[in-house]
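There are two complexes below, and they share chain A, which is joined by chain B in the first and by chain C in the second.
And now, the complex of A and B:
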């Protein structure tokens, strides 16, 4: 099955845009990493933070939750690499354990947003007509509001916790994917290989699932990588405003909000979670930009 | 503690005579010894150094109002900038029940009398020049200055004062209880004797009336002319207008009132009293902690009463600033939901609170332990009532007796952005976690929290814990307890946000309201506090608050008062040329 699919889609795309050269996944990855040193940096940063999402809590040298006020606001030392916070908790341990909240939540948000958005985009683009009209006006409704303001309103209405942050940000992100996918579908469905599939009697489900969707994935992936950074920022932003994670959850935004008061006398408390957040967003932006350039045939050959 | 300890009382008297102790120290020690107010007053009279602040490094040479200061090197900079933490939405002094609003009002409005220096039961002239009362405290006469005028130019005579009080009492907003407790019928009980003499007639002996008249909440005099000009058919008290405009008799008149941003006042040239030093007073609203500290450190602002304990410790090291610390009448507490937690459970939670850690590590010493809602500076304080200390095992035992199982979850609500509260809540959470109880923290906007606390949401829909604090409008235990723990004050009817309703407390409080002697006040308050703290706890009473106001080092004449918390005696303050 797999072979037939690629056989149907690839000739057209390959003939139009790519030299007919067989490439393995690993050679593509190597080529991508060689493409720019920034790509390598992005991948390394992301690999590091993904590792932390999974193993951060295990690696934390101290309990990230249990206060020990006798040790409050200690500067960085060999025992407490990033110093301690106002309740004497190790900032390093909290930053490590926080990855799964800040970054993990961003992944959950985007996974849901991508699934919902893609589904809506596929239906709107392929079915067209009144359905397209209705779905697109619905997305317009969501896109009309500034993203963070809308998310704040939703989070504040639903109540302050991480679950509601996920809901709020998902609501904000899905319309972008719906728009993106719909555009791709509109372009793809007039292409010859789709017409060919239709001519040999493939069902709409098959056409969408086997021919259109795989051809939109590249765009989705680029957009996704670019968005992870924003989603991490938005999650932390909502938590910073007190609308997301609640204390004592070691979420980075919550930590930065708490550290604000002490910044003048305990620089480490705000600096390390802030730096971690910056590097995460930077990593995803580098990867996203790199992927975009790499996958775009016009910039790639330069 | 034994009420009769002659040797300690004698030591206190000697210390007072020699001037070694300040008024405040005498007051607190005297109360701790169980001395009666007349005795303490006598001691205070013996204290030669009254009115000076011992903790203040610099504010010396406080000029008494009415006395020409001599030999002081005055600065040519006559502008004074104070920092506020938030806006003041209601500027009507007979409606606003708001600490920051009161601080503003002391620049532009006047009570008839005010508290003298650091005392909470000595008075000095404000609008009235002199006052007297009969022996059984049923008639109080105030003498006004002949030259008093409002900022709008209309004269402030006895008739105007009566009309102002009539507006306050009939409008019935905010702090009306401060005076309506004594004056129910303004038409009959307030009498204009002549243009400069006004008399208040009580229906029974009211020894606390003068204290209430010196409160910065409510009994301030507004212009009846402005009232007449701005009242409408829908708004007979012109409250809408007064909530955005200021027409008083105070030493400063408004120039610019941007209620969420800044307030600018300039000297009122027709002011009836001593000409104050500063030409302009500017109150700036700066919500961010770090920015307020920055403005103080760069010298752009000259005073701030809202600096968190952590910053205060750092700012103490700054030679350009002076930190004036003072004991207050404020007690902070964690209200417990009376409808959702039984007495045993509430006792258990009292034992689980991290008292010492909160006072030392969160409040950084700007607080001390307290045995109930009455601070040791308030009349009625009973030192014989024991204070809770943290005992997690005892808490566990009481909670399990109360039917609470391991893994049960409770909710604690606090205002977002309040880092002190967030830290305390997490320490409490950690203590409860040790005994398997889960505490879920809920941050909400301050406005939403106030809405919930003072609204009509039924207690079943309120959280289990909510933090709060209170200080009395004047030095009186009833005034402190009634709005918070009487069943008449539940929900939107007062500040009894967790629906505390104990019939015995209600009965004792009703007796306390009419208590005529100080012994009776002391006895009844003690009984009430014992129930509120131990028998049927209403809240976790965790600290009596010590405040600090930060001033530039050249500011002189500032005198803090345990009742006028976070306010300024603008009229006596000045800047020295350094």
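And now, the complex of A and C:
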């Protein structure tokens, strides 16, 4: 109410004057999408699969778990778009319901890894000294293993289920974020605005929470986007080996493992879960790449 | 300078290896099942289980088992495999060459294709070839290797019959006399060309699958390195001098563009080792990846520890070599 009155009482000239161009969130997003068609493709793919994580099970036209042996290994048809598997289950329904496992698990893994890694990185970078040295040597140890080999060893020793896959891959991923955040903190710590904050007597908590952390977010987000793809691949890879999700869970890697026996007779069975998996990873790789190029001033001018 | 760097890194390597063994050792003792019971079999009497527990030192306190293990490691004694009952070191010696051959072939595939593709992609920017290079460099990282392996098996083996679906050689074919353990090289050394081509044929599909991700990364690194270098003043100078474009690109730009790629190529080794597990299982490739996987199935923790350690150690060593190569290639860098 108040806003309309002030607007109408303003001189017309002021109303006609356009406000100076500001970099609002929406204008940045539009600029990003216009930057490259691949960015748009990435966003569309991710939106689609995020939608499936939430609504996939609801949208599935058939029961993804209940076997119906009479219908086993049917080729794609109007009723069963992606055909059926060896137990007569609808592959399309299983692919839809699988999003929440394959992709959802990757989100859980990375959320934990980011929180742990960021905390360790902030502490190491801000406190410095012996604490920094100890924490960084700890990350060195974990980074000395090829990721999948370590994850496999952990998942195998803890037992075969999705919960242990989460533990295994979190252990593998957190050191990367600790490293990343620490580097950022070291760089930010010497900047003038941090010194200024310290000079006016801001507490360390306030400096880290209000000034350092927000400035590391962009780097974390880019890394995170790129890592979702890898985490999805790792989760499904472990499940393919039988170390992650167990049948009859409609996880994509588990489905491909099941399809392996039938790859000569039922091409659709392994094709569709694999394509879905590829498109999911592709979406995050496209977006991550796009974000990195967009935010990096060196490549921006392209 | 370089000697000091190597000594420093070798010293560091010892600590990393100790740490690695500690991590895997800890892990192996989180195992819910009783390893002594596993070896003895489900029908063994309690006395027999106890005897095995003693024989394998599983009754000792944990730190004792660890010390015993590490002091063995120094002598390349990895203990006995709990399932094959052979020394793990012997098993590793048997399976390692297959993995090395696979990893080398994959790396070769990635480098031989990736470097020219990256260069051409950068030089003819936004051309059709560039589009192809960029597609490879993003799709290669998006396709799950285990799925690609199955798809290629379906097309190249089941449908077209062009390539075998697994193994290093057909069953019944005599292996070449072992020199390096790499069948292709050994066949050449023995002067047996048909055997060489047979081994090569078996190597093609697994190394293609394993090398694709590395190819993607090499292509991308060479392309972006080249693009950055091509925009610099000394390249413009070289062009202005009237040098032929090929000279400018190959003699002036390439050396600087390849530097970042070298580091990345070295780091791909870790990716290859992780991917090797999946690829070796699908292609029945008798390497340490498949060995480790079978060990996991059998709760054979000595074998799992050893493979993880060997892979971790190799990873650290490769990174050391990469660091040294980097210093040798770029005199501007002084690592202290």
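Assume the second predicted complex is superposed on the first by the 281 of 302 C-alpha atoms of A that agree within 3 Å, B and C clash if a C-alpha of one lies under 4 Å from a C-alpha of the other, contacts with A are read in each partner's own complex, and residues count from 1 in each chain.
The definition used in the following text is that a contact is a pair of C-beta atoms (placed from the backbone, for glycine too) under 8 Å apart; a residue touches a chain by one contact, two chains touch by 3 or more.
Computed from a predicted model, the values in this text were never measured in an experiment.
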Partners on chain A (chain B, chain C) - clash or fit: clash
Contacts of A:167 with chain B and chain C, given as first, second, both or neither: neither
Touching partner for A:140 - first (chain B), second (chain C), both, neither: second
Which of chain B and chain C A:240 touches, first, second, both or neither: second
Partner contacting more residues of chain A (chain B vs chain C): C
Chain B versus chain C as contact partner of A:119, first or second or both or neither: neither
First, second, both or neither for A:281, with chain B first and chain C second: second
Which of chain B and chain C A:50 touches, first, second, both or neither: neither
Touching partner for A:86 - first (chain B), second (chain C), both, neither: first
Chain B versus chain C as contact partner of A:40, first or second or both or neither: neither
First (chain B), second (chain C), both or neither touched by A:264: both
Overlapping contact positions on chain A, where the chain C interface meets the chain B interface: 156, 241, 260, 263-264
Of chain C, residues touching chain A in the complex: 15-16, 19-20, 23-24, 27-28, 30-32, 138-139, 141-147, 150-151, 153-154, 158, 224, 228, 269-271, 273-275, 277-278, 281-282, 292-293, 296, 301, 304, 307-308, 311-312, 315-316
Complex contacts: residues of chain A adjacent to chain C: 137, 140-142, 144-150, 152-154, 156-159, 229, 233, 236-237, 240-241, 243, 253, 256, 259-260, 263-264, 267, 270-271, 273-274, 277-278, 281-282, 285-286, 289, 298-299
Residues on chain A engaged by chain B in the complex (per definition of touch): 65-67, 69-70, 72, 86-87, 156, 160, 241-242, 246-248, 257-258, 260-265
Complex interface listing, chain B residues touching chain A: 289-290, 293, 308, 310-311, 314, 357, 360-362, 416-417, 419, 422-423, 425-427, 429-430, 433, 440-445
